[in-house]
Amino acid sequence: MGMKSDIKLIDENGLRIDGRKPDELRPIKIEAGVLKRADGSAYVEWGKNKILAAVYGPREAHPRHLQDSTKAIIQCRYNMAPFSVSDRKRPGPDRRSVEISKIISEAFESVIMTELFPRSSIDVFIEVLQANAGTRCAGITAAAVALADAGVPMKDLVVGVAAGKVDDTVVLDLGKEEDNYGQADVPMAIVPRTGDIVLLQMDGDMTEEELFKAMDMSMEAAKYIYELQKDALRRRYAVIAQEEKEEIESIEEGIE
Amino acid sequence: MGMKSDIKLIDENGLRIDGRKPDELRPIKIEAGVLKRADGSAYVEWGKNKILAAVYGPREAHPRHLQDSTKAIIQCRYNMAPFSVSDRKRPGPDRRSVEISKIISEAFESVIMTELFPRSSIDVFIEVLQANAGTRCAGITAAAVALADAGVPMKDLVVGVAAGKVDDTVVLDLGKEEDNYGQADVPMAIVPRTGDIVLLQMDGDMTEEELFKAMDMSMEAAKYIYELQKDALRRRYAVIAQEEKEEIESIEEGIE
Amino acid sequence: MGMKSDIKLIDENGLRIDGRKPDELRPIKIEAGVLKRADGSAYVEWGKNKILAAVYGPREAHPRHLQDSTKAIIQCRYNMAPFSVSDRKRPGPDRRSVEISKIISEAFESVIMTELFPRSSIDVFIEVLQANAGTRCAGITAAAVALADAGVPMKDLVVGVAAGKVDDTVVLDLGKEEDNYGQADVPMAIVPRTGDIVLLQMDGDMTEEELFKAMDMSMEAAKYIYELQKDALRRRYAVIAQEEKEEIESIEEGIE
Amino acid sequence: MSQDVVSQILKDYIYKTLTEKKRIDGRGLLEYRKIDIQTGFIEVAEGSARVKLGNTDVLAGVKMSIGEPFPDTPESGVMTTNAELIPMASPTFEAGPPDENSIELSRVVDRGLREGQVVDLSDLCIEPGEKVWVMFIDLHILDYDGNLFDASAMAAVAALASTKVPASQYELGDDYPLPIKNWPVMTTFAKIKDIIVLDPGLDEERVADARLSVYTDQDGHIRAMQKGLNGGFSYDEVKEIVRLSKEKGKEVRKILMDAVKGGE
Amino acid sequence: MSQDVVSQILKDYIYKTLTEKKRIDGRGLLEYRKIDIQTGFIEVAEGSARVKLGNTDVLAGVKMSIGEPFPDTPESGVMTTNAELIPMASPTFEAGPPDENSIELSRVVDRGLREGQVVDLSDLCIEPGEKVWVMFIDLHILDYDGNLFDASAMAAVAALASTKVPASQYELGDDYPLPIKNWPVMTTFAKIKDIIVLDPGLDEERVADARLSVYTDQDGHIRAMQKGLNGGFSYDEVKEIVRLSKEKGKEVRKILMDAVKGGE
Amino acid sequence: MSQDVVSQILKDYIYKTLTEKKRIDGRGLLEYRKIDIQTGFIEVAEGSARVKLGNTDVLAGVKMSIGEPFPDTPESGVMTTNAELIPMASPTFEAGPPDENSIELSRVVDRGLREGQVVDLSDLCIEPGEKVWVMFIDLHILDYDGNLFDASAMAAVAALASTKVPASQYELGDDYPLPIKNWPVMTTFAKIKDIIVLDPGLDEERVADARLSVYTDQDGHIRAMQKGLNGGFSYDEVKEIVRLSKEKGKEVRKILMDAVKGGE
């Protein structure tokens, strides 16, 4: 965190540089079932972040030495498109992507019913098409919807959301300038039904009270994002049901 | 194609910078059976190009996941020696070599009777010892002879040859300056008996008529190169027969 | 060998830059059994060199295609810590480390009773924590002790030691300045009981007589180093015996 | 049933349909799938375009920065094309460094852009021998349903045609649209037994014997070609495809130009 | 017996012991193993420290040289943290480029050093935009017996606190101790079923459901956190761990500072 | 029959022949195979030589360009030796980055060239600290029939001895022959049970217990040595080999020098 700067991130009215209140999320749009080839997929726009998630599996894990005879393994790959950031990013995983992929894989472990699919792999691909602070949380949110769209049995969805501290104020969902010039960031992944925290990172400088306030904000916001996820899945199922209905009708027409 | 330059590539008599007529090949020498360790091999000098080809196989394909239970796979590796070009080339495959290796592998697929050797690999190695424009065509021509020398069952040989356009003239078998400063190049691989085109690339700028004229030239030249290939194999078989004869005689002498 | 320099490496009394006589070793300390996780381990301080060696195995060799159905394979990895030399060394094997790893692996082959452990691997890790000339010899000396500590059956230990030539004088165990500005270096690995030479390298400029004199010195020094190795193992076994005794007593106390 | 048997049955089915002048998705033999082109999808890039060719989905982004020219072309900008077959797009794509398929794709698209002279690289020179625009065209394959070549070529040209040169960022005056000199179009044909089809879908590509891609420019000249897959073409088939590529290229070029204008 | 059954039995055994407020090695639930810190082990490095946390053994070395600053931070030195899980340390570590475990370890330690402001990077500037100190902190894991995070964090801070800036070597005056601004400490907790323990040993780490590492500074502020492993924490568990981390961090900080002073 | 049994039978057969003072290819124990050296094979390289040692076939090429010296040797040119065991040469060679065998080969050849002072690197200095000749010696192994070490060493020296420094290309006057200061020669001996042979062929190398390569210079000094394979030598065997290497090196040196002169 924290390049120093003279940028004022909170104005005299307590509003943020993009006009949001401290506990206000950026606009979020979620769409399920956006790709043909993948077993499940989702697209999330979160502020200026544009994220695609796709799921393949459960399928046979390969190479074979990765297989676990008691459960499916979860392999997440978080990747940024070369054009997704200001300076072109070289293709392929960098150290940051490797770490994020690891902790996102771990975040989904306790939610997915992996024990149903021994020797299998459930592969989750998160592609950041445009990045604007908060991509790992948006990616988790998208990946959860893609997993549900793929029909992977889960105890619940997972919501990714961050809070942090800018200009000595605790705020929800840091934007790009806040991320660059702020004082702390606390990304989390939350299982909405149980309130379990399955991903938690923090960097910056916070007192205990500030940290807990930030986590409170994220716990609250997770409920709202959870509704958006479920809504996207409901719309997706409606489309599928309609397609199936039309298919049955066309078959019936053929029979007549 | 086509660095700009003031070099005149066709003179007032319609002759090319190295004195050739438009439809004239550079001198080509082919020798079969030049290496000890490989199952088959050939050496081609084509103008200043010096190319070795070697074949191993059919042998068990490894790693095993590459095996095809219905046929042999063909793995071609086109490689330039570090000293083969003006500026030393770093060892190992670059993107150009990877592409050329792929399309040469594909060119031999329909000619080799791969269905006779399930789970096997037929490995073709093309080493460019000295490069002077047209190495992929010379390499294909050499590889076909090496395959025959290895006794790999084929429906026919394959001939590689290129034509192109320089100074608005369609010419056969571009030399180095023609390649650097010319207007178009069309490398092909041709199965002489059927006339099938199993490799075809083009870059530059040509009208349809020019393209077809270039292809006509290459189809014609292929017949001549085919004879050189067969001649090399005939000489090779004569040597083998002589060696075998001597061996039998020496055994017979031993018996007497 | 041999950057040129005006440094005088042998003084008027025939003594070396660090005060040693020509046939004098640097101080050597050996300790066995210094790591918890490894099956065997040893630590060697040799002048300013600080070297750790660890052994794992015999254990199943993997990947499987490395297995030899008639004997164990020996895989040695010589590695320098990034901070072990003046200019930070990039992590990972460089060409020098690959070569040293290879010849050290070969040096242990004829001593370890590999035929007892078909399909197995015996893995020897040598970590140079601080380097000061002669690390490969110190590493071999440490590795032999670590192998014995791991209980790997061996016909004998192996001793690493070098001699060379500085200021036209044959000397034992070159120090850092002698290595940088000397005229020749001859690292060896010796099986003390048989006198077999299982590693031998040389670079520099020596007459036959000088070379043999250097080798004589190393053969002699090896006897002394061998005693240090055995002494370290004796101390190690004493500790183990004591621990076992205490363990038995505590069990007996428990029974009473 | 082995993969192989399945693939033979699929081939027979596809071929039988083709002999009736139809395709398994209902198209005519020489008909493209629906082409959908959206430019400006990535605001942070200097140019971008997302092309859907049926369900094949390719996102191209153009990034520009300032760097040095190559020593042997001191008055030319630097243009690099890169394609990533990310594992999101297909169960057969694997993570890792570019394999031969993505290398071939990026090189063939690059050849068409370069030989087809979409951009005059000397337009990208700022100070000869010192400072030039360095341009990366990244093709991100999102969904693979056949014929990546044509979709990628369209995406690359559309992305370039929507590119704004970021001059102001380097204090070189106002940003301005990248000058486009030509509109080369790649058209790809597949041969299934003895029948030639345009724009092969995934299943057609799987069973095809050979593939030929032809890049034509707005003057109807041929600028690049690439044969693919394990079979061959007769000379007459090549001639027929070259002729068709000019006609079909014209259709696609119109769609491309309209889309870019529409996106402005 | 399969690996899995063994691991379940081990987990049951460890948990049963924990329910009796004990640990399998006899420690209390919130007790560190013996901490042994030795600075100056590597004379050829500018700073170094070897930390034994029970049998876990980490050697940190600091190397400094002169280089250029990053363009966007012209007045800051460059600090890089790297961890090598060498195969000497554990039968499960493999030779090769850093895997996700070593990358996570080095990034988390680095985050703590950076956010915890052990060193003020502007102190490492020699000439703004031109010349700065470039500092590598290399963590060499020698023996792995659990909780590499805390051992590595201690080793890194102790190595930095014992570092002499090699000014004389570059004719920049006398060598001087690297100025240390803060003493951040990482404390790692593991959750086994519903019980939280500090400083998990290897077997505890193997069976733990979740792990939480918290970096606190000398003012008791939180500077970095990282959750690991496949399970989750309740919010209350997180709160409890954060509170404990401040108290336990203070204990470790004292040991660290004493060891560095003792090493002088 | 397992590979191992075959190899034991082969070893017994080879050894039995050796006890009769013969080798399986008819040579004497201390006799080289036919040595054929052709310089100038690669016109585009500054120097080149193709060496056939029996059926072992090595092509060496020398490329020179201008670059910067290493900071610690400002008055020396830069010489790099690289060997590629390309899969063309043997069914056991694999494509990919250099393995331990090719690294050992190139390093041992390099050591002999460097210590044997074939070239005085200060002769390659153009402007101290600024501009020097950078020289690559690439060894391309075409056919592997045993004893790559000696064949490669010969090829490297012959290529260097036929090298023309491309001065005119850099406007540094006329091209001139690279000055050769010494003619070091590597001779390699293998030990099969208790018998020592010179220039082991492929089958001999396969069954040999140990290998010793000795580089001698024209004054009969020893310049480099390398023991290989899994067995050991007695001290007396080493002494015997060193003595032989001087004598055999002289024979090879003559062939080398004649070949280079013949190639001019």
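Observations, loosely collected:
First chain written, first letter: the chains are A, B, C, D, E and F, and each begins at residue 1.
Everything below uses one rule, namely that a residue touches a chain if its C-beta (ideal position, glycine included) is under 8 Å from a C-beta of that chain, and two chains touch if they have at least 3 such contacts.
The structure presented is a predicted model; accordingly, all values stated were derived computationally and were not measured.
Shared contacts of chain B and chain E, meaning chains that touch the two of them, come down to nothing at all. Its interface matching that of A-D in over half of the contact pairs by residue number, C-E stands out among B-D, C-F or C-E.
Set against the Cα centre of chain E, the chain with the most distant centre is B. If you average the Cα atoms of chain C and of chain D, the two centres end up 59 Å apart. Taking each chain's centre as the average of its CA atoms, chain A and chain E sit 29 Å apart. Chain A and chain C have Cα centroids separated by 52 Å. Centres computed as Cα averages put chain E at a distance of 49 Å from chain F. Multi-chain contact residues, meaning those touching two or more other chains, do not occur anywhere in chain A.
Contacts with at least two other chains are made by residues 98 of chain F. A ring topology is adopted by the chain contact network, closed into one cycle in which each chain touches exactly two others. One ring covers every chain here, and the order obtained by setting off from chain C toward chain F is C, F, B, D, A, E. Residues 35-38, 48, 50, 52, 54, 56, 59, 77, 79, 81-88, 91-93, 123, 125, 127, 129-132 of chain A are the ones touching chain D in the complex.
Chain contact summary for the complex, chain C toward chain F: residues 1, 3, 69-70, 95-96, 98-99, 101-103, 106, 109-110, 186, 191, 194-208, 211-212, 215, 219.
Chain contact summary for the complex, chain E toward chain C: residues 41-45, 48, 55, 57, 59, 61-63, 65, 82, 84, 86-91, 95, 97-98, 136, 138, 140, 142-145.
On the chain D side of its complex with chain B, the touching residues are 2, 4, 72-73, 98, 100-101, 103-104, 106-107, 111, 114-115, 209, 212, 217, 220-235, 238-239, 242-243, 246.
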